[in-house]
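Pasting the structures here.
Okay, so chain A shows up in both of these, paired with chain B first and chain C after.
And now, the complex of A and B:
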């Protein structure tokens, strides 16, 4: 009887700790999400929102090329950005963790994430100035005579990818670095004792052990990149629209909230698929 | 200085600063007896325009900026009655908001209608059933802006240049479907007021041709930046609102109304029906429409445009009037047409056509 009371008390205490997070999630995620799902089943007809449930918005998405292309553009850009960011961030994180003396590592990390301190919009516009016809790159190439006409570096997908990669390399460097410094040097010593060379040690020991850091950073990159519309807007020159830009058009120009809700659900589905793909490495295990 | 005494000094400094800031905040709140909430375009956010009204009336004007009627209506639909006191809106869309029952009537004799350019009184747009709901405050043209040192100005006299190959990759398109589709309609030799669904196939074909020769589709700031930095040499949809404020620093930028004409934009200001301060809201409208207010609005730091009140000319410097081409307005007004006013269905088709163009 006493034990049961103690258990009840413990359970109540546990619920007390969990309750704020639970209420927060319920109020600011579950309820709005359910409302958004319901809204995605309404439709905008003329200048009115008709609250009769149907799948018209989803059908429109599947049949209108411009909308579907928004998703494919988003996926292509996001996957390219994620892959490039991982490829650039890993060596950077490794150099900071392995080659930079301990007392300088903090400074190196601060330098690596310094661009985070500037405004996201300002950073995108800065890239525009770097990549434009009269920008730093073109002026330098023209100056040394490598080109005779300015290159078209801005207002295209390449510019969007460059802007994104610059931002996300910093994020990935942090997640991979935090993973690398937790690795015991004994793993490498053991691999060397067993005859593995540097590449084999990296391929069979270091890389698998740092996969959680890579996948965590890659997933965060995917989520932030696929949901962003500012960088494609500024650097892409609106020459192709990504899904978040199309969502903004539905809200800003048409006040078509049902269609915007449907497209947002589709965006969430893309993120869910990415999560499932990364889940194996993202699970939190008890020590 | 020891570490602890430095910390103590820092703490005292912080406390004092916080206390001063708090008192300043309270004083600031006490300073403005009333607040006015205005849903506006970016030209109204210039302190040089707003501060004189705030000081004269002991009021704080809270400004919310939006772009495009759809965005404005979207904000209104999410607001509660009484949230907004004043609204700035495309003159051709005033009836959309009147029909939503959101605009309040203004006494016609409280507005300087007689001083406005006759073409900008726009009674058909600003009034309904003999009641005045809005007044046109500023206007200009969506036409062709260009760098006269890099293109042949003669080429700019014909609207067909916007889909010709001659300047391929050197053109920016202003990202607002209504005036742009209006311009295409003019380029096809038709009137914007007569634009119907039957015109859409030909318009879509021309939009596609425009996209093929353009470098980018951009908003106001990006368009202006692209033209000013030489990223593009032509901006379709631009006009004095893009180049006038740059006249001093970039004399190489110019604009023209082609022989086929151009689209005329006009913005109106109105008092909201559910405003809790209708008198103050009307006072604000009267200030904006006064010659002084009109001159400040015309030369707003966000974008320049012609004031509708002709008496504003007395408060503009000769070089400002020159940049606005004050003396050429009679000819421009004759050769320009208002934005198309589509039905909800046609509006959707126009937006779809614009989105398809961007995705091609």
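And now, the complex of A and C:
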């Protein structure tokens, strides 16, 4: 009897400690999210938001070319960025872990991710300095006489991809490096003892062992990239809008919050699909 | 007996593996150099042309000048935004750490029904894009007719940093601390006292890590700050509005200053938090 009340009291105290975080998350995350889902089923008429429940926004998304194009642009750019970043970052992490002498490794890694700590907005802007018509690359090419007219390197999809890859190469180098140095050297020794050459060891031993880490990093890249508004807005120009840019257009210029809400839900679904694909793949790999 | 000339020729013809290894090593160093150039090119250009003596932050470099740094410090709006950013970052990180710590303590130390669900709920905002979190808050605040301000930005930043703080602190609450807490309780300390005087000091490294990571995220966060503020804005939003004027050495100067500040914070953190643990 007394133990029960004591336990009750303890439990109530514990809930008291969790309550602030719980209420905060509920009030400022769960409720807004549910409200947004509801809103995606309403519509905007004139300047008012009409609370008539229907799927019009989602139907419009599927039928209006410009909106659907936003999703395909987003997916194309994000998949390109994710693949390129992994392909560039893996060798870099590998060289730092394998070729750079132990005492310099920490230094080499810190250097490789140093620009990570510039402001995100400024980092995209600094690529404008490199890629724009008067920028460093054009001036250099003009200077050595390779071109006679400056090239349009910014304000297109390539510039967006470059800006993204720059950011995610740093992120992935960090995660893949920490993955690589955790591998016991015994794996490599065993593979060599069994007659594998350098490439075979990499292909059949090192790569499979680091794949789960790569997939986690790739998923993180996917999520951050597909939800980002800044880099495409600064570097991408106005021709190929990605989904976050279209969402921002609905909020800003058109004040069509129901449509913005619906597009956000679609963005979330894309991330969820990627998550399920990654999780399933990892499970298959482990089995 | 080998004549000197013969040994020489055998020296020149490397065994095939040796040549390949040399080439592979050369290729590695070239790759490393190329990637470092890629990674540093924009930052180097940013910093170099912040000292530009002229109106355009692109080549040719006309000469060294500090005029754009003077312009930054003379810009009242920019300085106000910097102060706002610091305020929002510190306050929201404090709240996120405090709420995260309390929740982590309760969920790690007490057996509660549904605690797995609670953990999942507290971590959930981490899996959602900032844009979506911002939009959700915006529509609710609009519906309730709450005016946008630095406070609403701070609320949003606690939402994104609370999962982080909770996860970091929860992960560091090992069982080996339980006995020390029990001892304190046996000696008559209240729960609050145990938490403040025993648990928190033991977990200080991870609490500090959570706090500084939160500050970094809040400090650099754009989309929530952009959508949830109106008249008073944070630094990334102010820099964003500077971008409308196109390429401008003043933007380079403020960008370089932010970069410098982050590096100073990093070095301090490295020395204060991680330097100590490496020595032991």
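Convention: the second predicted complex is superposed on the first by the 248 of 287 C-alpha atoms of A that agree within 3 Å, B and C clash if a C-alpha of one lies under 4 Å from a C-alpha of the other, contacts with A are read in each partner's own complex, and residues count from 1 in each chain.
Heads up, the rule we're going with is that contacts are C-beta pairs under 8 Å (C-beta built on N, C-alpha and C of every residue); 3 or more make two chains touch, one makes a residue touch a chain.
Nothing here was measured: the structure is a model prediction, and the numbers come from that model.
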May I ask you to decide whether A:249 touches chain B, chain C, both, or neither, giving the answer as first, second, both or neither? first
Taking the superposition as given, does A:183 touch the first partner, chain B, the second, chain C, both, or neither? neither
Under the stated touch criterion, which partner chain does A:152 make contact with: chain B (first), chain C (second), both, or neither? first
When the two structures are overlaid on chain A, which partner does A:220 contact: first (chain B), second (chain C), both, or neither? neither
A:75 contacts which: chain B (first), chain C (second), both, neither? neither
For A:196 in the superposed arrangement: first (chain B), second (chain C), both or neither? neither
Chain C versus chain B, contacts on chain A by residue: C
Just chain B (first), just chain C (second), both, or neither: which does A:261 touch? second
In the superposed arrangement, does A:99 touch chain B (first), chain C (second), both or neither? second
Contacts for A:241 in the overlay, against chain B (first) and chain C (second): which applies, first, second, both or neither? first
Per the definitions at the top, what is the overlap between the chain A residues touching chain B and those touching chain C? 125, 128-129, 132, 134, 234, 251, 257
Chain B partner contacts - residues on chain A that touch it in the complex: 46-47, 64-66, 69-70, 125, 128-129, 132-134, 152, 154-155, 233-234, 237-241, 246, 249, 251-255, 257
Residues of chain A defined as touching chain C within the complex: 10-11, 13-18, 20-22, 24-26, 28-33, 35-36, 39, 88, 91-92, 95-96, 99-100, 108, 111-112, 114-115, 117-123, 125-130, 132, 134-136, 139-140, 166, 169-170, 223, 226-227, 229-230, 234, 244, 247-248, 251, 257, 260-261, 264, 267-268, 271, 275
Listed in rising order, chain B residues that touch chain A in their complex are 67-68, 70-71, 73-74, 77, 96, 169, 175, 177, 215-219, 222, 225, 229-231, 343-345, 348, 351-352, 355-356, 358-359
Could you please specify the touching residues of chain C with respect to chain A in the complex? 25, 28-29, 31-32, 35-36, 38-43, 45-46, 49, 56-60, 98-100, 102-103, 105-107, 109-110, 112, 118, 121-122, 124-125, 127-133, 135-140, 142-143, 155-156, 158-159, 162, 166, 191, 216, 220, 222-223, 227, 235-236, 239-240, 243, 247, 251-252, 254-255, 258-259, 262-263, 266
